[in-house]
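Two complexes follow with subunit A in common, the first pairing it with subunit B and the second with subunit C.
Let's turn to the complex of A and B:
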């Protein structure tokens, strides 16, 4: 890491617009392209505080601030355009969380990095709508929350209840949501409203270690812990009436269900295995990076290809996982209201991935290019008319689901043409942590947090009491700030705001 | 059928670990009178983050083996093996780990370890935080026999 005074560091940062900053070359060594990050005034302060702290004399150990990490990513071989920091950016491993970067596939030096995807491969958010209104749910809210909690296995050490053996898992890894459909867990139209139609075709389960499969098998159909959740939400505000109606959201007070989960132990192990493999590949191919955490391999190398195929299998695992929980949520609602999920109109509005690498076509310097786009803590946000978005959303742009944290609002945005040009069709993914978990536990009081939830009218079911403090809204950046920044910067557009009324967590 | 254990095996070690701040995750800090002890403590620290470790009885045991190409990777793989023990069959949560073979010098880096605990059971063991993965991020290994200082710092992804 280059050691400079804070004031000297600032010389490398330049305000571009009221909502974006440029990171000039030289901020970190060997930058191939510039960096950019999107913030508003509040978020800007958090970013600069983090940098100032890292510049304090005598700082040892600790971790790199997000801006430095964005700049380190800009130094990776084969990167094109800019290394982009989204408004919810915070320090991660190698890549910042809330970081996107695209690599030119035709450049033989270009790399793929598991750090640019994250441990929780294809962690993402799915939104289901219903035709219920707030007044239908309020009288049975507690029971409904309990029922969801009873249906969906949550928290550390919980096991899936969807029957699965090793052979089923192999098929699920290869087929993604086509497996869920074949087994009767989902509706055919669910696939339509899912990135990649819920199946990455290049998935190759034979590239996945037995270890990952063993970890994955008992966990399929489980929510997990940490920031994952299932929420019953109510439409609080509609910003774009037309886009909302295309999504089947007609008015305030309508009830939705949001599921935030990923590929569980399966994806974690795939990522761990790949990192070990890539360390070797880096030595062999003499790939130099600024940070040891940025383990990577050339896209064309054996390790690079193997990772992409096993990552795709993990992505399929995550879709099957979210689909299984979709099934369980539909069951919980159907039982409570004595109506079929069909009659409750419980369709999938959309399903997004916010930890993934994908091959996409983009325009770079006026020319079409095939790129490997890494989105870590960043959501794809394609504009209207893009060929990869479903026919229902061709005119509105892709729905982008931004999950809040326990007790805060969530948003649905739509993709824009400007986002396509500036950020390779990417936007933020959520709130982003502001406080460390340990600090949250020290500073916040369990009963206080719960009382606040109750006051806000939120039923809560959490498996781990510790998590209540760690995941309290105070521990996160304000998701409204994050979303407003994306909207103001034009990289995506606000459509709907949702407020939670029941939270189920690990 | 429960395994039989000697009195000595059932004695729990002293707690020589703590949890340090990290924005998104948690840093394990462990120490001991030898590097071996610091390793054992680090393993327990990870298990203690997943549940309240006092609730874990010693009913069964498992043996693991970890190999690395340097001391950092040995620690990484050691913890990864322990996490694996918990994540699938036998779903073992441990309150004690005893390293029986510890090679941390020269060409070979290798650990053999006996892990004592029981199957993680909802209802009996309170759910703590799920550990996704072990990371090399800011990993530090203090190995200073002359000062009797043996400490480990590992960030786990949660």
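Let's turn to the complex of A and C:
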């Protein structure tokens, strides 16, 4: 790889609009298309600092800076349009987290890459609304947080309390949320308000290793650790009154529940297994990439197809997982308030996936094309009238749920036509890391973090408090910066801002 | 069999008849044509009346072909067919009378007799009277009229089916949807037809489409709920008030 000075690197970056930058071809070798990233002034500084640090002599090891990763993805075979970096972009395994890339299915060279999906397959956010107001919840906030903590299994290695045997797991992997529906854990309307209707039809559990199933079985219905959480939130601000009312959010002070979780160890094992297979496929098919972490296989190859089928099974696992936690949250609320979940109006507003690859139709250079869209740390954001979004949101555009970090706010955005054209209907997914996990552990004290939460009036229940500083707001970019950038760039539109009052964490 | 049909057609002294007798046969045919079938042209029926004529058989053949009788093996079979034809004509004539005694109508003899004939069949849909009637009906129902009264009728029918059923009139809340208003005029149509009138029309089509889609989705949800009542794990019933297992 070429080694250049920071100043020389900057020649390949060009400001397009106040909120976007172009990455020109040549920034990394063999780029097939250009890159683009969306930032505001604050986020811009973070991006460029990262690049400058990487240009210092002697900086080797660790992940490449985000901009470089976006450019490397632009060099993958079969990529169309642009390699897109969303405002929350930060370095990840191969692909940056907050990177979106689409590959033409009709091009025989096009690839699928597990690095472009991430290890936590179908990690996503689900938002439930209630008809409760802040004043109804404040007196029982502590008990409610405890009740949620008691019912949702959290933490590393936690086990689910919804009984499952191996046969149930096989069925759940194939059926996704249809399994939860069949068993009665969720409501018919939940399926309606979920991306893909909560089930990827191409899932094939027989393509999943026994090891993954063994890891997955006890973890189904658990929240997990890391950045995953369940939060009781309160509506703080409504930006788009009509979109909010379509979602059943009528006024400030309304209480919601947000669940952020994924496919746990199951998805991780599926990704790990696939990476091994893909390295072999790359050698056989002579696929060249700029980074070894960008292991991939042709979409049409056996390895590519096997990965897509097992990834779909992992996606279904994640949906069943979030559905089980929906069931448990509804029960916890119902018990606390002595009312049925129906009477509490605990409907799912929406459920988004922000680590996934999907086959979608898009217009490229004026022609309709079938693409395999990788979204890693990026959320689908389809515009109004798109056939794949629920009928209730046909006029507003798809709700996009942006989970904040522990103790900061979360947002609901809606998809826009401009986003459909510029970013293949994709937007940001959350705050995005600013400090690495190790750095956070070194620099922050967990008691301090917990005290701060308490000061902000947030009830918190954590399974492993010593890991809390990894997830402290200081370790992340400011989610408001990220969301405002998406709004200003027009790739999605702000609808609602939510603030946590209780946090359940792994 | 022939005798029973003749009886049904009220042929005098049918029981004593010997149909193999050529004369009797001829008389029966003439009687049927004159009293029941009445389809032959005047000249033919006059010739047919002359049963003693040498040409009678030729005339008869002309007559039965005129009725559309198929080629059959014997004269008796031909008579059978002509009798059937005559019965059909009689039945048609007294259709309403028979319908009143049909099985399905017999069951509710207490209720007023149902007029089986569809009165609308006889309506002239293009008449001014019809158009005015529909217009008046639409006005009563607060429905916008269309230049084509049949289209208006369709709309009126919809209103009546959806809002005028006895249950609906008694419990309007169950049927009248209470939506929250939405400024659909300000929403993005997703495309531009470069004509405000066309755009407006397209928007209305969008709304109708979305409503149809909502209906479909609601029915899908109802189906799922119905299936759930069979397949669901009984422990998931929230009415139990028990959290977890």
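As a working rule, the second predicted complex is superposed on the first by the 505 of 506 C-alpha atoms of A that agree within 3 Å, B and C clash if a C-alpha of one lies under 4 Å from a C-alpha of the other, contacts with A are read in each partner's own complex, and residues count from 1 in each chain.
The criterion applied here is as follows: contacts are C-beta pairs under 8 Å (C-beta built on N, C-alpha and C of every residue); 3 or more make two chains touch, one makes a residue touch a chain.
Just so we're clear, the structure is a prediction, and the values are computed from it rather than from any experiment.
Taken together in the superposed arrangement on subunit A, subunit B and subunit C fit without clashing. Seen from the C-alpha centre of subunit A, the directions to the centres of subunit B and subunit C diverge by 130°, a value given as a multiple of 10 for the model superposed on chain A.
Touch criterion not met for A:4: it reaches neither subunit B nor subunit C.
Once the two complexes are overlaid on the shared chain, A:45 sits clear of subunit B and of subunit C alike. In the superposed model, A:284 makes contact with neither subunit B nor subunit C. In the overlay built on the shared chain, the residue A:437 is in contact with subunit B alone; subunit C does not reach it. In the superposed pair of complexes, A:451 makes contact with neither subunit B nor subunit C. Once the two complexes are overlaid on the shared chain, A:15 sits clear of subunit B and of subunit C alike. Applying the stated contact rule after C-alpha superposition, one finds that A:151 touches subunit C and leaves subunit B untouched. Shared-chain residue A:163: touches subunit C; no touch with subunit B. Put simply, subunit B and subunit C get as close as 19 Å, counting only Cα atoms, in the superposed view. Touching subunit B in their complex are the following residues of subunit A: 61-63, 90-93, 97, 119-120, 155-158, 211, 214-215, 217-219, 224-226, 265, 268-269, 271-272, 275, 292-293, 433, 435-439, 463-467, 470, 506. Subunit B contributes residues 19-26, 50-51, 80, 84, 86-89, 91, 93, 120, 122, 125-138, 140, 153, 157-158 to its touches with subunit A in the complex. Looking at the complex, you find that subunit A touches subunit C at residues 147, 151, 161-163, 181-185, 188-189, 191-192, 242, 245-246, 327-328, 330-332, 334-335, 340-342, 383-385, 390-392, 394-395, 417. Contact residues of subunit C toward subunit A in the complex are 180, 182-184, 187-190, 206, 210, 213-214, 217, 220-222, 224-225, 227-228, 231-233, 236-239, 241-245.
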